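Pasting the structures here.
Here come two complexes built around chain A, the first alongside chain B, the second alongside chain C.
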Partner chain A sequence: MFLRRALPYVLSLPALLVCIGILVPFFTAAYYSLQRYNLAMPGSREFVWFGQYLDLLSDPDFWVTVRVSATYAITTVGLELLLGLGIALLLHERTRFNNIVSIALLLPLMTAPAIASLMWKLMTNPNFGVLSWLIAQVGIHDFRWASAPGSAMFTVVLVDIWVYTPFMMVLLLAGLRSLPPQPFEAARLDGVAPHFVFFRITLPMLAPYIVTATLFRLLDSIQQFDIVYAMTQGGPGDSLMLFQVRAYLDFFQYTNVGTSAALMVVLWAITYLLSHVFIKQWLRLRERTHGNS
Partner chain B sequence: MHDKIQDLATAFCNGRLGRRELVRRLAGLGLALGSVETLLNAAATRAMAADFDWKKHKGTSLRLLLNKHPYADAMIADLANFKALTGMEVTYDIFPEDVYFDKVTAALSSRSTQYDVFMTGAYQTWQYGPAGWLVDFNDYLKDPAKTAPNYGWDDILPNLRASTAWSGKPGAALGGPGAHQWAVPWGFELNNLSYNQTIFDKLKLTPPRNMEELMAVAAKITKDAGGPYGIGVRGSRSWATIHPGFLSAYSNYGQRDFTMSGGKLKAAMNTPESKAFHKLWVQMIQESGPKNWATYTWYQVGTDLGAGASGMIYDADILGYFMNGGDNRERGHLAYAPIAANPAASGPTSNVWIWSLAMSNFSRQKDAGWTFIQWASGTDHLLFGARKNDVVNPVRNTVWQDAEFKERIAKSYPGYLNQYDKTAPDAKIYFTPQPLFFNLTTEWAASLQRMVAREVSVDEGLDKLADSVNRQLHQAGIG
Partner chain C sequence: MAIAKILRALALSLVLAFFLFPIVWILLMSFQTNEEILRLPPSTFFRPTLGNYIALISGHLETAAGELDITFLHNLWNSILLSTSSVALALLLGVPAAYAFARFRFRLGEDIAFTMLSFRFAPPLLVLLPLSLYFQDLGLNDTYLGLIWVYQLICLPLILWIVRGYFEDASPDIEYAYRIDGHSWWRAFTRIAVPLAGPGIAAAGLLSFIFAWNNFVFALILASADKQPVTVGALAFVTASGIQYGQIAAAIVLSILPTLALALYAQRWLVEGLSLGAVKG
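Right, the complex of A and B next:
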């Protein structure tokens, strides 16, 4: 009798432990974010409530971080979505060639982003990099890639696209291949123009997959660290000072625990908000798609 | 015969017999050179053990946290002697420099007892020390029961001893009153010129002696060497961009990072003299530096020199040293020269990087840890490292006077000893010690990047930098 009563609690214990494992560091970070706390200045540690957040809001560097992170996330996810969708449409038909190509295209995704960054760092080296040589052949000389403020964002976005477009492609390809064939057959019998089929049938039916893939990538992208840190450490200047890069430097190099924690909590709030919006949108679209079908 | 050999080895270890004489006499007894080395190490171990109870912590196991570096390699190669001398066990974790200091920060900030002794730079002690994570070695150094009588603390170069000691008071002089000895110097780096002799010979160039000549020679190489650029210096968004050549040259013009007024720090990067120097440095990089300078760490600076992609570097002398060997394309073609950037200066003022040994305050076997540090920074081990390995800038005077070490360096590294002799007297840490060192110096590097990229003028960039630095000092209550 006791065992029967206890069973639900026992079964949910692993979930509870995982939950505690997540919540403890979260609340610890939230607690530190309310303090002015630099490990190198233990005497000046004080509880300032929301003082750190107010400092952040009045700090121009924080707004640079917000702008840079937003630019990075929107650009990478937007371009990866377009490219991923395009490639998924091209590989939609189940042929042996398409299957081989879709597997080959996954290879960048299997490369650790930090390794990919080092590869790209070599390829974009202005002295001996193959990409520098290639663009010189079409008349673009002395292009500084990640080492110039004007082209640094372009360069890291390029690396991100190379690594993560396959992720978009896989999700959207799975979505495309799982769509019911009847609406497409009906449209073909009625002689509907392909662009009409794409915009009026394919895209609306694929929308839940697009939202899911976009959400995953957006959450990942707004928290980008490895590619940017490995390539430029956030520079030149502050041109690539993303949230995670700044928080990492604040903690590990500057031992500024309070500021680093406040940045992380702000980032958590942004990702929470994004997830909330996207999940609501995803539920709405799923309902509509199921209703239509 | 065995007694005779032992007597000779002991006489050598006690300083009563020169090395050449020892080898000659042992050869007379029919001993091969390899056997002599083995014998000497064993004799050195016995000689050390004679004056101090090295076995006091026998059976203790120490754990070290090490950065992947030739100095660490030399220490590992000699560990058997330490174990024989003390009966202690030593294990270690070794990490590449990219992640090493993150590991140290994580271990110390979590108050982990995992590591007893670790490698550190002097700048890092400005964070670790005030945080209460480091042992102050002053207590050990003054205690004859814990420090071997022949340890020879005073034999370590005075500027290095001072540079690794600080009171923790922002702006207070290194090695000044009330300074805690938070680290023991182990090996160091001077910042001077390492250059490609082949390129210099081809273009009939002589090593530049000051900033003006440096810029002219670098421009000439970029223009006429047929590929290589003139001067390699660091440029990544990191404090490490400021500390080598840049700060050495900056200090040579009498410039400081901060001034102290009424016990408060104030940024000094935007004085007219500082702006004039920055303009020269920025111009030099724009005209003759690597194209992707803003991503350059010590690694790129070094490998470019080793690969013949640059004509010279103004960076750590040991970086030039290592590029003159191994598989580098330019091995055997590199030479070294001192530089005093300011033509009016009396000599070079090299800022130094000091690889040091420190002990975690959370270690449960501090006395044993100090025993290890004494051995690792002691004359015998450093002599071994300097002669047989690549401890190329030893911290002890005795080692720099060692004929075998000097002969080895003079033979394959032209100008290396000269640059050391000319630079060492005024080589020290020229930064003002303060707890915000890493953020403010990284911000300085980021400003330099903007100036080189022509995003801001030097005047505007330095004024903005000084404003930002002053604001942060004020927020932290030290400015």
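Right, the complex of A and C next:
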């Protein structure tokens, strides 16, 4: 009897230990964020409570990071949603050709984002990059892609779209194909116009999938690091200083543990709120698809 | 109707061109000599050379500045070692836990499951920065063991949540019948439950392998040059002087080939894995 009670705890104990292993550094980071703590100046380490957070609020660099991160997340996720939905609609029918296309589109998603950045870096090289050459053919000369402040955001957003649009596509396509066929047949028999079917039947029925996929991507995109770090390390200037990129540089370049930790706790708070909404939505969808199968 | 069909075909060709072009282009580049790469307009017709791959594999590079040693093959080996052992460990820890969460309703189970899930979405640097200081004290700094432990952050939530779904979908009645026959709990778990959830376990394992392989930031922060996987190694490669563009392209091809091949193999389960089991493909 005792063994039977203890069994689930015994089975999940190792996973619990890993959880604790993650929670310890998490609380350490929160603790660091309340201190003025620079590795280069151990003597001046002191506890300042929420002083660092107040400093952040009056620091223009912090607001640059907020603006750049928001721009990045909203642009990438918005464009990926539109493109992903469009492609999913094109591939809706289950034909052999469509299946091959949808599998081929998975390849960018399976490429490591940091490596994807390298690939685009080679293609946008000013001396021999095929994309630089191509846009020169259509009359745009001296477009400097990621190395000019004006076009750096455009370039990394392009790489993000290349990597993650397939994610939206796959999820929405699975959603589309799981919709019950009856409403669509009824609409066809009644001769309802296609755009009407799309806005009044497809879109509302697909909404839970759209919301889940968008929140999922938003959570990842606001924390983007790999693509931007591999492309420009946050430069030129601070045009691509996303949250995690700035925290990384604060920590390793300026050895400023305190500020870096405070910045990460702020990002964590944002993602925590978002993930709270997300997990609710995700559980509802999970319940539904598992109930059906 | 014919116009709609043509438009659809046109749209799909554009989509395919955009998403496949970079991979094809880098693949072509990896078979070109430096002179061919630098030639404008870019050449699609050329005599393919294996020189770039040979240089990477032999580890010796003849440059104008002299001989250069490259350790890319070692990075590749690190990637294989780190990803394989992380997935193995995550399966060992995750499958029993997933079973416990699916079969027993207990408070702690839900707490662990949701903590793991919420950390799937927390910023990795939040955990990594303090860890980089801890690891120095613990002697785990720059060890495979430390990295494999941190990689559980990627692998474990994936395995827990996907495999849990499979255990929940399988009816417990067969296990009960087997238990009534006088078999132990452990035998029911290994002989009935695990084989029934087999496809889910395989899918979760393959996917966490892909995600572990593609990870960049963990090793960037916690590993020195001789422990780095290809994702970090390839980046260092670009900034190193004397390396030729064709060799970078070849390194990229070798780095992405394993995951692309696995993805094609596992594509049936990809949708489920990507959405942590929320959407069935």
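Following the convention adopted for this analysis, the second predicted complex is superposed on the first by the 270 of 293 C-alpha atoms of A that agree within 3 Å, B and C clash if a C-alpha of one lies under 4 Å from a C-alpha of the other, contacts with A are read in each partner's own complex, and residues count from 1 in each chain.
Please note the rule applied: a residue touches a chain if its C-beta (ideal position, glycine included) is under 8 Å from a C-beta of that chain, and two chains touch if they have at least 3 such contacts.
All values derive from a computational prediction rather than experimental measurement.
In the superposed pair of complexes, A:Q223 makes contact with chain C only, with no contact to chain B. In the overlay built on the shared chain, the residue A:K121 is in contact with chain B and with chain C.
Look at A:A29: by the touch rule set out above, it reaches chain C but stays clear of chain B.
Once the two complexes are laid over each other on the shared chain, residue contacts for A:L171 go to chain C alone; chain B is not touched. Of the two partners chain B and chain C, it is C that touches the larger number of chain A residues.
By the document's definition of touching, of the two partners only chain B reaches A:T232; chain C does not. Looking at the shared chain after the overlay, A:W162 reaches chain C, while chain B stays out of its contact range. Of the two partner chains placed by superposition, A:V197 touches none, neither chain B nor chain C.
When the two complexes are laid over each other on chain A, chain A has residues 121, 125, 127-128, 252 in contact with both chain B and chain C.
On chain C, the positions that touch chain A within their shared complex are 8, 11-12, 15-16, 18-20, 22-23, 25-26, 29, 37-42, 92-94, 96-97, 99-101, 103-104, 106, 108-109, 112, 114-119, 121-131, 133-134, 149, 152-153, 156, 160, 165, 168-169, 185, 210, 213-217, 220-221, 230-232, 234-235, 238, 245, 248-249, 252, 255-256, 259-260, 262-264, 267, 270-271, 274-281.
Residues 7-9, 11-12, 14-16, 18-19, 21-26, 28-29, 32, 86-87, 90-91, 101, 103-116, 118-123, 125, 127-128, 130, 133, 162, 165-167, 170-171, 174-175, 178, 209, 212-213, 216, 219, 223, 225-226, 229-230, 243-244, 247-248, 251-252, 257, 260-261, 264-265, 267-268, 271-272, 274-275, 278-279, 282, 285-286, 289-290, 293 of chain A touch chain C in their complex. Here chain A touches chain B in the complex through residues 38-42, 44, 55, 121, 124-128, 142, 144-150, 231-238, 249-250, 252-256, going by the rule given at the top. Chain B contributes residues 101-102, 105-106, 109, 126-128, 130-132, 235-239, 290-295, 304, 309, 435-436, 438-439, 442, 445-447, 449-450, 453, 455, 475-477 to its touches with chain A in the complex.
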